[in-house]
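Step one of this worksheet: look at the structure below.
So that you can tell them apart, the chains are marked A, B and C in the order they are listed, and the count of residues begins at 1 in each.
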């Protein structure tokens, strides 16, 4: 077994709002090893982006606060580091790319300058060497004529090119961990496929661990080794991608997978729906947050948070009906 | 369906109700509202409670406040009652402030709305006109207007309105340009709504929040402007206003501080109140604008 | 089968401001039989949304003909156009910006009837409640404001607004792309159920192949303002003939076991070229894996390769 690059244990994040305390992240645990791709999947508001922000120490505070758990990155607990120490890690050992590459690049600097700047923040090199490194990175992410593109401003590039620049910037300091938050949501399908291919190639070449945050189960299938499914601030199922996709345990995961309109499904049948909507984090009961929408719910579901039940090696789901073996496998 | 049926309908909450909720949570904004309310109350109810003609000579000139029980705030250089002046003058000052803001909004919103909605040639033309007014030095232009015509309150308000509408026009234009591309505007077109309907009944109500903030601040600015013109002797000498009081009292500042300081304080408190309300409105409107 | 909507050689060109011309839609033709759904798929810049807006008469038509049940929609103006508007309505993409935040939901749904003078005014409120029930919302909710609803509920309200005029045709522009998957399924099922119950005809714009597969009878694939392939939904997924359609289907993320960890399955390099200055020849030639010289000089026209399947490719 390789030592995981990132190991999150029982992480809890609270938001204090006008309407009360929201447990934005509740008992979140997972780990990623070098060269591994973990997908965190869920609907909007489930806490997947908040997980990414807490790794980077970027939770808006107030109202947010880490109230428990640990984030072990290469053996160090990030929740105990000072902001100045975190800043050295951000963009260095841990890098992040975002959904909208237009707003995450500075419009008044050229792409080359921005990558070079990122390099010089974390490595002691001359400006000339940093710029050379920038061009090299642009080439590595498959940008044609990198010398020319290094001199281009972000608005002069297409969306796909800009996302490549973001990736180049993120990888310029050879991070051990790359967090990609919905990196292809703003892009066209054919361009999304290119970015996926690029991320896949890079992780194989450099051994960077990747956390892919997405709402798209298709993206999970295409990319992930491991999956964590989130609902209302908790991980309700996790395991190897194949196991979760082919043999989902939690009724929510099953519902989510079934409700995707698929090219290869019978188009005449109605899509299975999950009734209702995601609950507000401020009015969750003591029990399973999914219970009000769950077809399999029994009174006991509302009594206490369900524990994770092992379904197979490394595959588990948090559902008491699973314990009782009433969810057929 | 397994979802439990909710039996109660939540209360309808319009964007304005939400904004008021945020507004009233801000102590600064509520303080501003209180200040403004007190000033308005004073000018409206004052004449009934304190029936003294502000132009009448009632006592020895330059009597300090508190020296004579019947004249609590003293007299000016002509022996006129300062409290009466503050009460009566507040009316004129506020009237000029509000009507100047109204004129500013009327001109600015109409021009900005058409420029922003139609774009192209109409926009180019209207914006050139706007720029022409924007490069005029405001105080100088207002002075010219007031000297050329009679320095009546209406003319002062008009002069202030004419120099300050371009800002409003630009703000309105940018809001209209943003909102006209939103889908609910297309949805109205798809059901055959005409341009007039879309401009005034669909886009304008949605463009209002920043315009209300700007109108509020315009009132404060107009009050300062009026004071400035009065100070220079360019206001209606037959109507008592705070500016006029400062203007006539300025020569006695060193001997009788109250003649200038009291109306000055009133202006300060009023404009402060308006600014606080404006800031509060700005914050109140922002959150729901951010959620699109 | 009678064609409800018939579009012939539709062109929508915009000036760029720098003297160029954007060929947003460049010679598009299609028919939709009554009660059926045509899907238009494509990537950004393909002209699919502009086509929808032109059919709705919300984008200026440069040339071409649009007929709805015998009404020459592309050529009528003013009062005549207003009188025709009840017959074709639209559901928009963004559940947040498509409803006026200042209006109560009841008024939003009632407005089309008010503006187009449908029904007697006292009957309109009853109709609003009926419409809300039809899209699966409780009628009492009509007094609330849009921001009090979730994304999926707002799309239902948008659908109720479109149904208010009892249209023959509804144009959907990416109606579920802003919604979460679970909610998306609810809205898609509703859209299909309404068609089954009322015999509505749909023009359905989407970038998501799984979604169009689920709701459409026929599918047209657009690239740079042109239709490059058109066939029945079953046929286009079973045997796509245009290289672009093939690449699009290959790139669509899928749960199928053969897609696992294949890293995206990219077949196409580069981005779609800009529609400002179209290259001569086939618009797809610059990204096409099988393009030959002929492709760069001669524009392929849409020709029928099999019954009900038309492809614009020299090599297909």
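Just so it is clear, a residue touches a chain if its C-beta (ideal position, glycine included) is under 8 Å from a C-beta of that chain, and two chains touch if they have at least 3 such contacts.
The structure presented is a predicted model; accordingly, all values stated were derived computationally and were not measured.
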- line: Relative to chain A, the most remote chain by C-alpha centroid is chain B
Task: Please state which pair of chains has more C-beta contact pairs than any other pair.
output: A-C
Message: Using mean CA coordinates as chain centres, what's the gap between chain A and chain C in Å?
response: 31
Field: Separation of mean Cα positions, chain B and chain A [Å, integer]
entry: 50
Query: Where does chain B touch two or more other chains at once, residue-wise?
result: none
Query: So which stretches of chain C touch two or more other chains?
result: none
- request: Would you please write down the residue numbers of chain A that are in contact with two or more other chains?
  value: 275
- prompt: chain A touches which residues of chain C in the complex?
  reply: 43-44, 150, 152-153, 180-186, 188-189, 192-193, 207-211, 213-215, 233-234, 237, 247-257, 259-269, 271-272
- prompt: If you look only at chain B, which of its residues touch chain C in the complex?
  reply: 9-10, 12-15, 182-184, 186-193, 197, 202, 205-206, 288, 291-292
Field: Partner chain B, residues of chain C touching it in the complex
entry: 53, 56, 58, 81-82, 85, 89-90, 92-94, 96-102, 104, 111-112, 115-116, 138, 140-141, 143-145, 147-148, 158, 161, 165
Field: For the chain A and chain C complex, residues of the former touching the latter
entry: 43-44, 158-161, 188-197, 199-201, 215-219, 221-225, 241-242, 245-246, 255-257, 259-265, 267, 270-275, 277-278
